[in-house]
């Protein structure tokens, strides 16, 4: 496994991480969660990403149970939670958002569900227009000083809000955010590459990117057409098809152009797309959302491709999907 | 239920809240307290207001027992306490006021009585001329950093003292007060509307207003005259009558002029007076002090009137009581 | 009982307090300690003064046991400890002084011996030339922020060291000392009246003065001569006699001149000397070190004299002992 | 025993201390550890030095067990740990270094192994080029504020990194490092005497020096030649021989010149070399790494030599090994 510092912090994360999103509590049950975590840790993955909202807290409970069962040494891995959407299905106004109240109470709940004494990373899952950034920064700072959170970050915040968080933190001598968790893949590059461009140097910001395969599209699984039993093929799901495959399947058309390159390299489209993410030096770690062990093993194969990913290959890949 | 941010904080309180003042421990016993809280929470009320001095701590004990019995999710509601008057009948000098000692010890006691690990709001119930404001701010700041208090505020403080609290907090990088709990109703408007006028923008101050019905007078219950069994009608209670109904019953005369307007709108005088409070955008929440479920339900009906409360109605109502 | 603010703090102490020095663990055993505390509290005394070094920790243990036995409400009284001399007979280098290590560890030990969760006052019993003042201030600040100490002060520090402590505290946004515990009586006035003169206004400093009767001399008990069984009369104790009674008994001679004034007022010399201490507005409380209930009751009688203590009486008293 | 302040702090350490390096868990087992600590404490040694990496945590466990068994008063001694190399044999990336994560988690582990509630000293065992110094300072500051660490320091940091740590600490109002733990002996003087020269006054830095006998070479045990059963004499260990004895045994040759001086003084070469270390006023304490009681007693004999160590003897010794 390759390890990278989370921005300018001293925290070294594995280049690929394991995310609980979507899968934990749905395709992945108690036994599978434990097996996936065991495999991931064995392969050198040291960051397990989670959020209060993933399957309404169940993803955190499953992960907490697996971590406890496996007796992994606490200092050998990192675990995160994220606050914003709430953990209950119909949150009351104080059960969501980034108020001091919810940030603090959601942290306590995540610690209980994950069965740990501190979160390594705690993300603000979205910006909250109804809470001053200074209130959220102060709440995070308090949790850091109490030792309940080691590092905090943001997820899908506009650059301007991240700037403001740093301004407040510096003014008030408070702990500043150290990482962003943005979506990033060959079809979704603007925020990470353009909008955040100044933040990496200014604040030593790291990124823990999600959806590296664009909801699976970049794995090439639709290259041969939509399977009849896929949700995307069902009547009434035209909106989802448009979202994933693009209007008139234009995203699918772009993705199909990756296959020849992958074949030439002797790798899968998924491996090609994952390795491409890691060619961006501002990417600290790429979150994988595997539901099966084979899938996780296969995706980790992208690491072998990385040394061969020179500038010319990078340009060829990027032009293919343009 | 409508929700409003507490000033510029991210804490969203229900437009109507439930206060324990006067009632809890007197008209309202163990069973009624639980039923009132259950009803209030069910109707979307998320703020339960209390104070060390309400029935000498018994109001907090009753509320704490009810909260525990009902198993309400801790992050679904807010609970407050207030410090100043002390919880014992004849407080010794260190058992009242806003010294660091009493602020800290009263907080610990309120946490025990209310059976919670943190207070959402902790108010300085009155200004304390015998304690420097800086000492009180520092004590509140410590409680906030320790996680025992999420937000703190003042109650019936003159504007100048609130300014001073903010100046100290800014100078010392300490947690500033975020809310005031003033009396506010159609007959008592000056402090909220005039004295505090500059504070709302300057500090994002919210208000949790009490006595919206002016000790019941605005509910119209004396419109038909004082019931013979009312305390106000007893010899020796002329002072109380003068206080509630005004010298020569002049306050009563003004209040009676509300009834035709209420009748025209098909609501009660109480609903009219309560809805009027909420037309002030600087009011974050209006405290209701119900002792019976029907009364609470009735008062919440004021929410339906709110959308019809345009500028012309507001002026008509205000002129009626002038 | 009269109460006074401790300097500019909001902490109101009884004009007379009970000190454990000398007596607790010697003349005063378990039962007497409990009785003295009960009487003192009953008479309105709300400050019980102690130190790690008083009878090597035994004074604190006795007081802690008495406080627990009496079930006094924790917020009804104040208790102090002092750090510097150590609690063991032959302290090792880390068991005394004002290093961060000893300040912190002595606090934890005092909390255990006194059976309380926080000290109301924690004094640096002497200046420590071998520790930077900044180190001691930072240690005290930490204990204040952790809630283990509410207020801290100094005892017998030169004014210049108190200035330095305030300078450091202001620079570092740390908790500053609020009180001094100096010796003060009719024969020992210079430090409180001259050396500290600028500190009262500059820092709102309060004082908790000790030895108001100059080791008993001002009580007039030697006015009739030294009892044959007194230590002062023994061969080999000339040094002690000189210290208490003065060279050539000159201090005794001055003290004898108080008796006629006391008799004229119908009070005892002790009461006269105690009341005199309280005429100094910079004295927050006067520590009494009684070993018997009658003695404590008698000394409290000085409060009755206080209203009659006008400027002319004060001058007459002061001239008598000059 | 002689005691010295640790730089400008108020912490007074014994001139000689006991280190667990190399020995604890190897030559020194459970029983010997307890006996050595008992003897050391009895002789006035009050600093027991340790590190997470010493025998992979076993050295700390042995020391913790011995401290508990001996019932030494917690305030009578100081115990340290050091963080950087990790406690496991093959540390994962988050199990070593000076990231906030490892600094915090290693502290918690050391507290458990040593069975204490706070470390008196916590050292950064080496500089970590992969962690910003500001992150490490903030983590140490948090541990100090939480009361888990009393003082923190560095070990074998270049002067420039120590300067940077102080700059950050001052800027952010955080706890600064107070001590360095460098190697220092007659053959290794440059860093302590030259590189750190400006730090002693600038920051009041103390030093707790290690390897005062240069891995035993200065004890004169190789003066008569390398014993046949020594590792240094084995084929394949030429590199170790070169490291300890110097290229062409040139270090050994220099050391041999000490013997006549020692004999003239009636002391051993070891005692001479140890006493020499203490002639440097910037040395706060010299770490001894004894595995046997006799060895410890013998080395402590160097204290008797100290008063005779005048400038001319010092120069003679230094010239001998040049």
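Note that the chains take the letters A, B, C and D in the order they are written out, and that residue 1 is the start of every chain.
Keep this in mind: contacts are C-beta pairs under 8 Å (C-beta built on N, C-alpha and C of every residue); 3 or more make two chains touch, one makes a residue touch a chain.
All values reported here derive from a predicted model rather than from experimental measurement.
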item: Steps needed, at minimum, to go from chain A to chain C via contacts; value: 2
item: Farthest-lying chain, centroid of Cα atoms versus that of chain C; value: A
item: Classification of the chain A:chain D interface as same or different, half of numbers criterion; value: different
item: Length of the line joining the C-alpha centres of chain B and chain D, rounded to whole Å; value: 62
item: Between chain B and chain C, centroid-to-centroid distance (C-alpha), Å; value: 44
item: Contacts with two or more other chains, residues of chain D listed in rising order; value: 145, 173
item: Chain A residues touching chain D - in the complex, by the definition given at the top; value: 3, 5, 8-12, 14, 44, 46, 73-78, 118, 120, 144-145, 147, 150-151, 173, 175, 204
item: For the chain C and chain D complex, residues of the former touching the latter; value: 88, 92-95, 97-102, 104-106, 109, 128, 130-132, 135-136, 138, 142, 145-146, 172-173
